[in-house]
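One chain, chain A, links the two complexes that follow: it is found with chain B in the first and with chain C in the second.
For the complex of A and B:
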């Protein structure tokens, strides 16, 4: 073997010109491949680890109520946090994404804005804090001044925004916006810093701390905003985590354990909601016989109460009753005044203390003051899937079906909006739906890399095959000699394959070194992309390459393997000649 | 005892639409320790016959036996092994491996055998090169040697494995008469010492006096065996 190796190595130096040319071609190919890959990988890192992560999250949980997407609020943080805890080990971090649209008034100019919350002092690791700060290259003021409330509510602006609004550090900025409760509101912010945006997505928002923004936007302490989840290895895990999170968020029945009072009499009651679309009403009406009240009782706002409950309160249709219940949090009490529209007949499939509310009233009460969970005794009596009314009963919230693409997501949203649920619609999306444009861009880049591989493959194929054919033709008599002397066919083959593989290895290693140098050189050149959106592919105004040792080694191995495989066939043909035929060869 | 036996040996070469009958049925028995010369006019089939005997070509019909082994029945791997261990070749055009030095060329077949130590191989190759008078040229590449020197390297290479049979196709055709004679002397000596069987083809009458036996072929058939 050592002997074959030595002969191959010496043969390599024999046709210097030819081998140098072929080697140069392979080296260029290897360099192009490594650079294309490093660039695509760099971009995908920028896209997924900087842009998608901060703009959409790798996986996001969002809410919608009454078709209003701006209403990013869910009244029970615990419920969402519980589901997040089950999302899996791939989750690096999950945080609330608070964004509020509004209008800012600077010095003499106003502009539409979106206020975005950043977690400047939260439980960030050093690494996360560094990454976050790297997105904010401060031109004036400081990022950490966001945590300093001594001058009012601090805010950071992008350079362009500050210029347009004509404000600088220390200036005040008046903002008008709607709270999550749809209340018009306004506030005065103090500009504490101006930064150079790392990408186009950072030019228009203005940044407050998440805590400040929650207060401004009217979030109560147990409300939770939409969630952005950051993942390890998002390209591989985003869909999986989204599915898992979706499963963990499967809603149960919405139950409001309360007490009902009428003219000084009081009785415990369990309020449930029912859907009021015509299909649901058609389902409920025949299954819920009424002892009093008329058939329109269910269509109107108000309540239908169980016969027993009506007896205890001596309630009749038309009576106004008061519903009170303890809140889950803060020791508060929820209240709702209702009109009794109907009384269920004996034998109706509801508990003795039940109170059925039209979903509009029900959710106002339920989300308005989120109730404590039912006592175990009550919980046991709740209707289950076997109850004939089940399909029409109001769930905790409506969980949107997972969609695979942006288009499908739009379709699902449209469908759900048409169904006009009154409950909160919760959706779980991975970046494959929310950031499909970016995911597609990334795929396109990978495709380009792949094409480079193919082109390279053919260069090597043609180059190696031709060179080998020439070489073998020239050396046919030599092959005949060594075969006559007693070298086995396999060894003759190995000799040529080894020769080619060594050339490929040396050349592609040289190509790798050249690529690393070229990348170092190219990424040192500052590029001004201006307003070109492709500027987002730059990092701090420089091309960004992310070569990985694994990819480089992999490509070298691939090139050597392709060359060796290409060499195999001509080498085999040469080795298969009889020694006599090879010796006779003449040219 | 015969070291080589051929029976009904035929070799046809297809040539366009026709067929060249290069060897047309040769029965030959060669005893161990012979020095056999194959003579005949150009195109009579000498090279073809030597190739068949040397197991580097396959006959169209007939058989070749080396010792007790019927070579025609063996697969390529075994035939190659047999060539390596039992047969040495000296080619008319020397056919050294150009990237190897004289010494490495001689070592080459022994390395292929894989059952000698490197030191042993080196010692033996060195010795053989000394025997053919090339002690000072061991590190020269073939391109840096004269024709006669190359042929002597080729002889050393053919003998290094201690073969039973050495085949030489016009070994002296490219050499001057003095060099040619010295090479034939070396062969004769080797034959006397080790009972190595030599078979060579030649045109050259001077060469014939070294032969113990002569086979004359014509048009692919044996014309006269002396």
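For the complex of A and C:
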């Protein structure tokens, strides 16, 4: 085999000019393939790491209530933090994502805005800090001035937004917006910096610290906004962590351990909510017989109370009762005034101290003042999955199913906005699932590139076949000689295949080196994309290629394999010549 | 002695009467009277015209038909102008609230915070929610209810301040100017929790229907973005019973065919 290898190598050097030309063609093809792949991978990386990650985090926990996607508030931070603690060691950090739409007035001009919270002095790695600052190339003022409270509420603006609103550093902006409770609010913000946006998505937002924005948006101390989780090795771990978080967030039954009072009489009570969609009402009505009150008792706001509880309070339909309960945090007390709509008949599948609230009333109370958990004795009496009312009882929140792709995520979001559910809907997704379209885009770009380069290779390989046929023709007598002195058919075939494969390997390796050099050269050229949206594909104003060793080795192997396969047929033809026939050959 | 006592009692009585004449009504009572004045107890249909003015953007006229069913407080809104909105609609039945888009012929579940037809009006503004359920009297610096006598032009009014008592009110603080004689709301100012005046509303003309009052001409002035204002005119008001078929998706869809 070694002899065959040496003969093939020697033969390669015999026709230098021809092989150099053919090798150059293969090198060009290999370089084009590697560069195109590196650029597609670069686009994918830029979109994921520099855009999707900042919008979504590697893994995101988001909420929705009343179909409002901007209502990113969950009333019990502890519950979410507990789930995050179970997400696994891959979690580097988790932070709140706060964004508020509004309208800003600058100097004589108004414009729609979104206020976005940033952690100006967060616990970032050096690389993350560099990346964050690269997104805020400051033209005036400083990024760290966001922490300077001496100037009111400091904000950063993109140069385009500052120009439109006609404001500069030190000027004030008046903004109006709706808080998470949907109350109108306004604030005066001070511009402390103007930056050149790194991409088109950075031109619209007004940035302020997350702490400031939480206050403006009306978050209470124990409320928590949507969460963005940063992971180690996200490509490998994101889905796994999202699954764990999803499992840890499985909701239980929402329970409001309370006290109910009427005309000076008081009794302990356990308030539960029931879903008020038609299917749930259809399930509840026949299973919850009423001793007093009519069939509409469950349709409208108000409460249906257990017979024993009604007895103790001497309550009748139409009475107004006061529900009070201890809050989970801050020692506060929640209060809600309710009209008794119905009294459950004996034998109804609810506890003696239960009252059932229409879900709108229930969630207003439950989320309004988040209740302390029920005492163990109360918890033991709560309905379980065997209770006939269970499917209609209100959970703590609805946890949406995981979505594997962008399309599935869109469908989940659509379900969330369309649902008539009055509680909070929680969704957990990794960025590779939410933005799987980007992975598909990369695959599509690679496929297009591969197809185009394969056409190029087909043309090159026609050259390879032609060259090999010429070589075989020129060396026919030589083949006769080596066959006459004992070389086997297989060896002759291997000699020609090896010769072609070596040419392809050397040429494509040279192509890979050329591609790396070309990519280094192209990435060094500064590009001013201005307002062009394609500017988001640049990194610091330069093209971004992301070659991977695996892709380069894979493409080299593919090129060598194709070349060898192409060489097989002419080589077999040469090997099939008998020694006598080859020696008789004359040009 | 007896005579002196009688004189003193009479004087005291007169003083009490004078004080009673000066005594201001309670804010809660005025809110209840306002609710009574406006709450319709029958089905209602009307044509509503909104004229929006925004500086630099000219005037935009929006016309819509409004139907409200009393039994379950369902409502239907059908846009009739401008051309770009014509045929679009909003249907609320029970807890469900849909937006219908004529060009795609689709219904989408929306929430009550959603703006109607690109205006500042929200779904929740068309709900029949009582002021007494939403607002409570505010106190002045002395701890008394914030109510005073005032005049709006030549009309004697009560000026009163209220604070939101539930979290889902648009504005947490409001000032009302209410006619003293018939408890009609003439002017309203809405503030943020920080006290910034955001909107002033004038109720310019009322019409009486079945003993209840409907403000048929209203003017809303945006105090935050100066120059923005919206005039609302309500006409063709009818309190005849409306067919149940009106409050269905099929009806809204058929209207747009």
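Quick note on the criterion: the second predicted complex is superposed on the first by the 497 of 587 C-alpha atoms of A that agree within 3 Å, B and C clash if a C-alpha of one lies under 4 Å from a C-alpha of the other, contacts with A are read in each partner's own complex, and residues count from 1 in each chain.
The definition used in the following text is that a contact is a pair of C-beta atoms (placed from the backbone, for glycine too) under 8 Å apart; a residue touches a chain by one contact, two chains touch by 3 or more.
As the structure is a computational prediction, the values presented were derived from the model and not from experiment.
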| item | value |
| --- | --- |
| Partner chain in contact with A:174 - chain B first, chain C second, else both or neither | second |
| Partner chain(s) touched by A:581 [first = chain B, second = chain C, both, neither] | first |
| Partner chain(s) touched by A:406 [first = chain B, second = chain C, both, neither] | neither |
| Touched partner set for A:276, first chain B, second chain C, both or neither | second |
| First (chain B), second (chain C), both or neither touched by A:261 | neither |
| First (chain B), second (chain C), both or neither touched by A:10 | first |
| Chain B residues within the chain A interface of the complex | 51, 54, 56-58, 76-77, 80-81, 83-85, 89, 91, 95-100, 108-109, 111-113, 157, 161 |
| Residue ranges of chain A in contact with chain B within the complex | 3, 7, 10-11, 14, 477-478, 480-489, 491, 578-581, 583 |
| Complex contacts: residues of chain A adjacent to chain C | 66-68, 103, 105, 110, 174, 176, 178, 181-187, 276-277, 299, 360, 364, 368, 417-420, 422 |
| Contact set on chain C toward chain A in their complex | 94-96, 108-114, 164, 166-172, 190, 192-194, 196, 198, 224-225 |
